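Below are the structure tokens for one structure; questions will follow.
Labels A, B and C are assigned to the chains in the order they are written; within every chain, residues are numbered from 1.
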């Protein structure tokens, strides 16, 4: 028996059960002796069993006390809840888009720049953004998600945003900080059934959920934002999901055509009814808009601003690189008339004429050319007529290629080439001159990342050198734009460092 | 024995203990045989017990290893701490009040509106807010709570707020975003004992903790805010809790009466000593205030602005619907003189004369009329004399009823009727004209909620249609207010969509 | 047997094992009886064992089910992750510096004040801040930390800040709210090895990581901030850590010297190359800077603004109170020339001449004089020549002592004495007059804290009374500064309440 060690109540019970006698010792004993030994052993076992029972009872009490604190299942449930909070599925969460850095010219001073730097820029003609951004722009998105006992969910979102070209830390007094989004969205509503079962509804000020962009041009394909309300994800048929919303936008403090009161200012609203429809990979968007009294706006002698507009987009969201390999692509054709002729910032331009007409093409794809080489070509082009004056025309087309060579876990070389054709005949609108010319930009950007691996991985820290050039004629377009300003007339080198973050 | 399966050490121990023989097999065996069988079975049991002991020891080792990682009690403690963080009891938390939506008139343009739209509005004469709000207004409240080893707690709170009537997303340059609160509050201080045992102290810029409102009128009953410090919840007697604080408010850049320097601007501070006292359901508030040199302010020929003020309020916070059923009600009478004659925004109006005198009544209640029908009637009324000019009088009274019919888990119909009597004789102050007339508003608002069930449940998304009308005479009150402005002269229909959120 | 209670499968097993017979009962039974009894007991035990086995199996199934939910080790891992989120090591976190309160003069109106209130203030000559701050200033720092699979870490930080002397809650329209920091920083990059193994890189707009201050003067020793990028913590030798960064700052909208175009405004950038080097407790900082075309700036007839600058600092970070006891101290000597002659706000002043030269001394320490008495003396002094005009001189020196007497767990008396010598000969720059005089300030501040115990413990709520005085001559320095303004000419009493918070 001394070979046994009684570590726990369980082991004691086991030992007690064994009533152990070795087979060898049993040979020559009488039956009486054998029985007496068995009985003695049973007595000993009984005593040990008493002790074991007591220790077992104590263990059970401890176990019960622990169970009082929390069962494993309860712990798991409580942990799952705090995980939802940590992960932003419930309660507060924080999202960001931000960029900040220096863009310095050969003269050691801040350089003009930005994807909208060319004469086509004001009409949406973006060029490549890499090594071409002069500003600090930051969005702080504060979300709060709620879950209700009946299964319903609600999201509140607000966005505080600021943009500045000042490199100083303190920009009080000149700051543009403002609140770009304030809205609530409900989903999983138990009383929504049938086609509305998976629908969500929203109201407030927001960026439309279904906006999408060509990242490398810093250009949305469509950017619809304003104040209103709507419904997402109505299932109108097996393969047809539909959204319907109304957005208002303010046309504020514009000059009114008035012989009696030359300083009169007008204010009106552009009300936009919008519907997005998804059929598999296809998206069809339709927008109608109306801005009462916008025809009183002074956009120049003999011209009349539109009161209404129409806009439509057909887009394809591809799961491959144009069917040629792994990756993704998006292609969209947009057309708008009247107030709808601003094809990207839907309903945001009140200077458009009633005859204004625009057609835009947007296209991009991403893929790996080789294991460490990524490529992302894109095209954005528009033709527009009778935009701000009878007989005017605004034609431009941008070709852009971003290339990245992943060299280590934390470093890649990025390259961007951008080319834009510009042919604008503004018919004297806003003292602009007719121009026809090209813009070219090349950028090389050694880039650091916490983990390389794809065009959508952020944050990034980049160094860059950019060479850009354009036809002299483009310097004469407008006295108020960048081209043609002091020391910015073409053949420019710029250098800089920048971080870009989103999550 | 073969019917037994040895799943675990415990089961093995049990099996070993049983030394099992079936009763039937025992009948005709000799005693020797029986004893030998017993002994043999004990040997077998012993072997099994050895194996069981080994397996039990292994189980114990595993159990010990798990215990090394973390005992259940420790896990529970750590989990409780992160739960406090998730729930905002410790660390960062986020609170919000926000509304955003469209208010569109029959002409398809943004309409004038707001609970303070009538001539009584500037003096606090609010009307019903449902279907009557033209703005996006959002408060982002960032809290941080600390717990100290000695049991003390501290709260830091800051509030960033913005309001705009623009429907556009980007309002940089015209934004009103500002910081409305920045304060620290300490509680559970171990060296605070006796009457101070449950007291908390604070300093900074804040909304007073004990402000309360009539939600449906967007009007606080008292709204005290500014920069200062104080102490809450002194227990002066068994049934008497008392607060004492000092608040400063800035009277900035006002015109000074001066024959020598006509463009001179003055700045002064209104220092408000305030005490709230609670006796059961009763609240008695007393405020005294002083603004040195405010008598130099130019408020019109022959008038003199007050340098001092007094304000008091008696309020009852009811636990039922006016004693008639389940629900709640609040009733308050307020009176102020001099700078205290602004009865709601305590100490915020420096144009009041030394003789100014105001008395206000505030009243509201909520209850269920029937299982799915909620009602909330309210009254706000004030009479005021010698307010901004000798002999002037500002009398107004608002009656408002909000009604809600809960139709599904996520949908209710809301109705609001609002009526205001206005009788103002401004004695020429600020080019205002004497008016006497009524204002009426009816609103119907189909409302979506994640979970219906009470007047305080938010978020909400509402559609609404509102009809409002007023006596023509009210259009002549002031050239700078809404009534009488272009296309806003009475009998107005407005429509819209809006979200309202708080948490 | 009836004395046994079978609480659990384990107890049953034990009971079954005991086969209990009391010794007394065994005396006179025959062997046959004894054997029969043993056998009967074995049968009974077998039945109990069957039951026990079944219950044990059930317990095992339950145990297995729990294990399916989550093993303890998995729970621990998940808990550790949410703890990182709660503690801000991963995901969102919130940091703050804030102060808010009232500073009221004997006349009951807001008083002038602030550590930079004297004629030396604009050049960085701070005096003691206790009981001397008239503003609400708040920084809200929003951080987001990411961990990547490869071990790399990234930090995104943005800071929203606002400062105002208004006591009102709503300051929309006059608010200075702005975004002071927007940057990303990467560390633990696996492809960084050797001297770069522990290095981190950053880009964006930020306060430099290695800025440090004399808290009681509200003065950084160096404050470098702007937009750029760099690398921290290169290990250049065993005892040499080095940082290298470039910062840009904007010199905006300054008047340009131009006979042709008298209203011309200039904009340029000050590019600052900065390196900090640490050798044990020693820090050596070197800064070179260049602002192209800053020499076109109009700083007064016959003067020319610098285009370049140089700045250096040697500092010692002491682990004791000047070697005399427990505590800490810091000592720094700074020297700058040209644009580097602004010794604290590096590169932030574009009005400095090419000949400008400044040398500054900064010194402070903290220790306990006795168990409940803390002391913190500090010195800040500068001599500067040819600063903004040929032959000018700006000499000033501040001595400050903060003393605290910890009286309870939550209360201490704080005292501050501050003395400044000022000797400025501005040579007519900016219509300033030559002055030579002294400033003195005494403050007593009863202070509440959640937990006393050191100079760096916050939050605090303070009441205070301050007496300050200065030579009359100092009132004549400038028509636009505080000294000499209405009712602020010396021998001033000010009173107030304030909270200060950081975490």
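We take it that a contact is a pair of C-beta atoms (placed from the backbone, for glycine too) under 8 Å apart; a residue touches a chain by one contact, two chains touch by 3 or more.
The model shown is predicted, which means the values in this text are computed figures rather than measured ones.
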{"item": "Size of the rotation, in steps of 5 degrees, that lays the CA trace of subunit A over subunit C", "value": "120"}
{"item": "Fraction-based call for subunit C against subunit B, same above half, different below", "value": "different"}
{"item": "Distance from subunit C to subunit B - Cα centre to Cα centre, in angstrom", "value": "32"}
{"item": "Touching two or more other chains - residues of subunit A", "value": "10, 13-14, 16-17, 19, 31, 35, 38, 75, 79, 82, 85-86, 92, 160, 162, 177"}
{"item": "Subunit B residues within the subunit A interface of the complex", "value": "9-10, 12-13, 16-17, 19, 31-32, 35, 38-39, 42-43, 45-46, 49-50, 52-53, 56-57, 59-60, 72-73, 75-76, 79, 82-83, 85-86, 92-94, 96, 98, 100-102, 104, 107-110, 136, 138, 140, 160, 162, 164-173, 175, 177, 408-411, 448-451, 459-463, 497-501, 503"}
{"item": "Partner subunit B, residues of subunit A touching it in the complex", "value": "4, 7-8, 10-11, 13-21, 23, 26, 31, 34-35, 38, 66, 69-70, 75, 78-79, 81-82, 85-86, 91-92, 142, 144, 146, 148-150, 152-154, 156, 158, 160-163, 176-184, 186, 189-192, 201-207, 225-229, 246-250, 252, 267-269, 271, 290-293, 348"}
